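Below: the structure, in structure tokens.
Chain nomenclature is as follows: A, B, C and D, assigned in order of appearance, with residue numbering initiated at 1 for each chain independently.
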Amino acid sequence: MTGLPVADLLVLSGALLAVGIFGLLTRRNFILILIAVEVAMNATILNFVYFAAFAPTAAGLSGQAIAVVLIGFAATEVAVGLAIVLALNRIKGTINVAQATELRE
Amino acid sequence: MVLGLLIAVGEMLSPGTYVNSQFTWLHLAGSPGTFPNGVSLVVGTLVDPLSALLLLVVTVVGFLVMLYSIGYMHQDRGLPRYYAELSLFLAAMTGLVLSNNLLEFFLFWELVGVCSYFLIGFYYEKPSAASAAKEAFLVTRIGDVLFLLGIFIYFYHFSTVGPSGGWAANGFVFANGTAPYLPVVSGSGSTLLTVAGLMILGGAAGKSAQFPLHVWLPDAMEGPTTVSALIHAATMVAAGVYLLAITSVFIGFTSTDQLAIVAIGGFTAFFAATMAVVHPDIKRVIAYSTISQLGYMVLAVGAGFAMVGLYHLFTHAFFKALLFLAAGSVIHAIGTQDLFKMGGLRKSMRVTSAAFLIGGLALAGIPPFAGFWSKDDILGAVYSQLGSHPLYWPFFLLAFAAVFLTAYYIFRAWFLAFSGDHTRDPTLPHAHEGPWVMQVPLVILSAFAVVAGLFIFLPNFQALLLNGAGATGIPPVYGPTDLALSGISVGLGVAGIGLAYWLWGNGRVYALPEDSPLQSVRKVLLHRYYFKVAYDWVGLRLVYGISRGADFVDRYVIDGTVRGLERVFGSVSNGLRRAQTGAVSDYAGYVIAGLLGVFVLLLIVAPYLLSKMGGG
Amino acid sequence: MFPVLSLVLATLLLGTVVTFVAGRYARWVALATSIVFLAETAALIWQYPGWPGYTSGAVPGFAFQESYAWIHLGWLQVNYTVGVDGISLVLILLTAVLQIATVVYSWEETRRPGPWFGLVLLTCLGCVGVFVALDILLFFLFWEAVLVPMFFLIGYWGGPRRRYASLKFFVYTHVASIVMLVGLLGLVFYSGATSFDYSSVYLAGHGLMTVTQTFLFLALFFGFGVKFPVVPFHTWLPDAHVEAPTGGSVLLAGLLLKLGGYGLIRWAVLILPLGFHEAQPVLFVIAFATIAWGSIVSLAQRDLKRLVAFSSINHMGIVLLAIALGSSLGLLAAVLLMFAHGVVSALLFMVSGSVHHTYGTRDIPSLGGITPSTPVLATMTMVGSLASLGLPWLISFPAEFTALLATWDGLAYWVLLPLGILVVTAAFYIWMMQRMLFGPPRGIPETVHDLPWFEAAGMGLLVALTIVLGVLPFLLVNLITSSPIAGFPGP
Amino acid sequence: MDASSFIGPFVPELLLLGAALLIFLLDVLGIRRNETLSTVAVAGTTLALLSVLGDLGFAPLSVFATLPANVIDAAPSTTGLYAFTSLGLIFQGIFLLSALLVSLASASRPSGEKGAPIFYGLLLLATVGMLLVAVATDLIFLLLAIEVTSIATYLLVAYHRREARSLEAAMKFFIIGALSTVLSFYGASLLFGAYGTTNLVAIGHATGAVGYPVLVLLGYGFLVAGLAFKVTLVPFHAWAVDVYDGAPSDVSAFLAGVTKKIGLFAYFLVFLGPVLYLRTVGGSSPFAGGPIDLGGTLTITLAVLAVVTMTVGNLLALLQKEMKRMLAYSSISQAGYMLIGVTIGTAPAITGATMQIFAHVLMKGGAFLVVAGVGALGVGPLIDDWKGLGTRRPLLGAAFALMLLSLAGVPLTVGFVSKFVLFSAAVQAQGYYIWLAVAGLLNSALSVFYYARVLKVMFFDTAPAPSTPPVTDALPAGGLGYGRAIAIGFIAVTIVAVGVYPQPILGAIQSAAQHFVVVGA
């Protein structure tokens, strides 16, 4: 499986990942952080799909399967996240993660 | 003690016999290198002329002092302690005399030392007594340490070869009267032997209070007078001389050693006498005289006449003990030791004054008293050796001069104490003789002081001395051979007495004119040449200062480093904890930083290291 | 054959456990255990067949040897192997004596007697374990096991600064033993020894290259040296001693320090001759430094206990010197010294303990002339001090004599240094006695009672031993000389 | 594959699932008594544990065996998702043991407490995830299993829905967790790109024969970072302290005890492949003639991480004031020790690491259980609040002291055995690995300080007048409650027992590790 133009893919998915991470680092709003995580997650999914196209059949299929699984998984994760957001909001009245620094040295 | 006396007497009657028995005290494992079949340190007894001589002294004087103590000490507290320690001392002293090898000798040597330590400190409530005891222990300790080194050298280098009987692989038992070890030493060994000899000298100097380790003996007078008489006049201090004697007889000294010994002895004889000249304390005067007399003995031994030295030791023991006991009964009677407060005791204390007079005459070397014969022998013997080394001269002269001083200071003391018609200090209680238990020893000792010297004319005694010397160098001269020499020494003695009479006789008190140049000399002498001051300075300022400094370093530098380390860790820890902000985005930042770090490791650091290590 | 050594360990273990729960009767249990232990030790000595003989290169054999499989992982062969030779026997005897003395001395310990006596026994158990262990892991295990009870003894029953002292003791010595562990593991795996047993390690260790041996030896030496302790790694000792309760100090000085000496002989010097030879100069320097430092510093101490502590450093320095000589004479001297110092320092620490709770202070200058009020205590002090400064007829002298003779044998005129230090040692003891025992009474409360019977008994035992073995040293020496050092080749 | 052959191997997992479902069912039925639920959980975990032990071939338990013997340690296929290695089974045993102890101890929590069903349910589900991790041979399968655990534990931390601290902990846990998930999956995707497969065995064998070194390295880099979150390697550790601190102590016991261990096992699976491959092929570069030696590179990277982790963890714990945070940091440093095993990767090293993991489950889990119990007695969170506890409650104090000493690696405890084996393995590997041993040993020496400090506080410092009247004896067994008391007692006994005679367990692990080294890669 030589000749695979890895570079341009990496540019794209790498960019997605970077965007996600950047958001995760800079945002203070829990919801936005969740979104950022999703963006980053999509970089991974994109990789699988893309590589699957070049992989031998069996592996290729598994690659697409994995992509699908991951999409589902991402959804669950977000759900859990939202649950926590709600609870947090109920207690603290805010979803600004920067204000939750009770646990520290 | 009686047994000891019998042994001694028996030896007297049949001179030159040896009784030797021993058993292994300590067996050290052998090692391929040094001692192929190991070493046994043995403990045994050896009775030979030398030991017999000293044994006689120990037993007789010991017995008399015990007797005397009954009267002298009767109102003291802690008598059980006193007698226990005294008996222990006598036992140890006997052991020392009878021991048949250097190690055993050292064991008892230390034991008598500690006994003297306790007895000096008998009145331990008195700070002066306590500190005197300390001083005695430490100063002698210095000598002991050197002695120990001497033992090592002999033991290590000369214990596996040598004459039959002694120096066997099982330690260094004295060779029984055979030729001393010296001739056997080869050239290379002789330097070591010289060193060893010097070490022995050091030990002897410590015990016998020879210069420069003499400071402790005068202070030791803090102990009861009986103790001074027994330990610090007759027996223990003589042990140093005895050590030199047996060493020279059984091992032998190199000529260098001999010179050193002569030097120490001669110088000390004079040096101590000068200090005795001015001292107001009756006991200390006698103490200084002891040092000086010991100097004579050392001188004799150094010159190669071990037995002559011991002969003087023998006589000296009696008259010096006599002097002390006499002084003791004076102190007992009027409760002061200050000569200048005394006076006119001749009337009230006839026995005592007579005893002191006899002792003084003996010490001054006036014939026919004991001191004359032995001292005269010493001088004669040394004189006969002057040829062997030019450097003998000055010390011979010093010793000779000391004769004059001796006579002077002892009679100064006698006149101050006994002449005149009343005590200078009226407050003193009226003097009277002590109980009979105190007088009898005085009488007996006086008798000895008169006749002990004459023993030399007993054939047995002569034979004893002759055999004792074994095959040692020169057969010593006995009796007044060189009349001129004797004449001079006696003359000096008489002159000294005369001077003493002129200055102090009949209750006169001679006051040195203030403007006299001698004042400064007197001051120096009174301060004992500032030796004690110097030693205290070294001990207290220097050593203690150093140790204080060391303590400081220990606490704040060495341990400080440890605690510093703790602090460093602590601060690092706190620094790291500050990173734990609690803000989740910071944590996410750390994760990303970590990710980048991992990339750096994977892509840059690791390959670099691998290329360095060559496949890891 | 009958597993007698395991029996000894079992005795102590059982005693410890029972003592812990025995509450008010703890002391009786402890006493009983100590007596049984002493009896067993006596039996051991009685039955001791003597050293099987030693030929250079061959593996030394041990008496009463037992060996059971413990952890076998193929690459990791650990056994429970125990055995004794003369050296161990002497030190076990020391342990037995000190244990019984300590138990008696602290007879009326009222603060939680159960744990107190239990921990005392546990410490002794650890020490005995170290002395009999012939397997590296077993050895290290006991070695470490000693720390814990001592940590509690100091920390719970100690003086005002006990918390700091206990922590310092624990951490400091633990660090040392960690380094030692590296050395031990290296010894096993670099030498390719087939198991952790002494015999195989011994053979393999002799086969190592000089360089490896040197590094391993230094690592081991650091571990053992801190226990000694050697200058400059000694500062845990004064703190620990000053703060420790009397019983703790006794075990600390009497036993724990000996572990260092024993370990150095058994696991470093005998196993790594080449490395030892390379390291000898270092050892000499450190030994001299330790001797001088300990003695000089103790001259400046005001606190009696601190003084004794530093004198211990000085004595252990002599032990190190004797070991460093690497001659049979030296090793013999070292063992003798360890025994002697064990007894004497224990006695002196008991003395300082008694002084403390008789007069409420250990500050020498503020005391004086205590002899009339407490003659017995004063006597104990004198015997202890005189013994410690090496007076003949007392236990230390034969040991020090041998050590110094060995030093002359090995180092010629260097012996002057320890000899000179002897004077200093004498100086601070004599001075201490002058200030504390003699002179006009000072700082003495109205109602002073001389020692209670149990303290007197505890010390009396040691005093008796000091004198008896001082007069008849061959009793001890003949036991040791039948052990491997009798044939120690010496580098 | 037909049902039996599918159901067969997963009996333990199914047992736990069953128990979880039963618990939720009871919840629905309104039966929420803590004791009951805990009983169910305990029963489930016990059965599962028995079957795992049976599979491991412990003769007395062979009746519970559910796996055909030939399955275990069989040569793994390069396509399957899971395989049963005995090492994996041992890990399953460890996970189950921890879950068992936690649910047992939780029996002593106040009866009427809200959310008890959720707690047990999630606990069991998380365990299921772990069990799956232990059998994974496929990268995605592995990551998903980990996620199952993660998601369960996010909620587990948060199940005190009224506790601000718990929620904050959950939030941090979640965010960092999510980030790490992204990273690891991204890494996985890159590897998939490089190798065209996600089967670890295939990857392990293929390491030598693949282009795109950079792609591979990046992939592994992302995986190292992503999984490091679970293993709590420095600097991916920051969340752990806050989470262990904020979570209920029982949960902390579970988290600190085992969840990080799945990360470690994941490390075994993912990284030992290439590393071991190199070992077996004799250190030749997988990209023969290529620019990069993958095995060596990973080894060095992990070594650095290990040393940094243990050192920083210890330093952070050094002056810690709060008990739980101190324990948290100490478990971070412990992770560093375990990583040594992965780094060296020889059978002895894996034995040591596994033993260390087993020991840590006992010590750290036990410690947190004690903390929880003591908290129930009304003792504050600060270490200084424990003053005199050791003398007031000798037994509890002794047990805790035992755990601390074991953590410190004092002999006759399981903690010592594990460290001993681990560092012996490092020395035995020789070469540069001895420095890992030195670093680890020095660190454990450093760690002694803070453990000893706690002992000092507990036993030597005299307690102030009890400020808060102790809530003691609300429960039997001295206020601990039987469940917790039994759990703690069991742990204490085991620590000593295994510490004195580790041969059986060590032997089992050793043989398992040898198989793993041969098969796993």
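Keep this in mind: a contact is a pair of C-beta atoms (placed from the backbone, for glycine too) under 8 Å apart; a residue touches a chain by one contact, two chains touch by 3 or more.
Computed from a prediction, not measured in an experiment: that's the story for all the values here.
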Judged by C-alpha centres, the chain sitting nearest the middle of the protein is C
For the chain pairs B-C and B-D, which is connected through the larger number of C-beta pairs in contact? B-C
Averaged-CA centre spacing for the pair chain D and chain B, given as whole angstrom: 77
Rounded to a whole Å, what is the gap between the Cα centroids of chain B and chain C? 36
Chain C-chain D separation of Cα centroids, rounded to whole Å: 43
Taking the mean of the CA coordinates per chain, how far is chain A from chain D in Å? 26
Contacts with two or more other chains, residues of chain A listed in rising order: 21, 24, 97, 100-105
Can you pull out the residues of chain B that are in contact with at least two other chains? 577, 580, 582, 584, 588
List, in ascending order, every residue of chain D touching at least 2 other chains. 171-172, 175, 179, 241-242
Touching pairs of chains in this structure are A-B, A-D, B-C, B-D, C-D
With touch defined as at the start, can you tell me which chain C residues reach chain D in the complex? 69-76, 137, 140-142, 144-145, 147-148, 151-152, 155-156, 162-163, 166-167, 170-171, 174-175, 178-179, 181-182, 185-186, 188-190
Which stretch or stretches of chain B touch chain D in the complex? 569-570, 572-574, 576-577, 579-580, 582, 584, 586-588, 590-591, 593-595, 597-599, 601-603, 605-607, 609-610, 613, 615-616
Mind listing the chain C positions that touch chain B in their complex? 168, 172, 231-232, 234-236, 239, 293, 296-301, 327-329, 332, 369, 371-372, 386, 391-393, 397-398, 401-402, 404-405, 408-409, 415-416, 419-420, 422-424, 426-427, 430-431, 433-434, 437-441, 473-474, 477-478, 480-481, 485-490
Can you tell me which positions in chain D touch chain A when the two form their complex? 79, 140, 144, 147, 151, 154-155, 158, 161-162, 164-165, 167-172, 174-175, 178-179, 181-182, 185-186, 188-190, 192-193, 196-198, 211-212, 215, 241-242, 245-246, 325
Residue set of chain A touching chain B in the complex reads 21, 24-26, 28, 97-98, 100-105
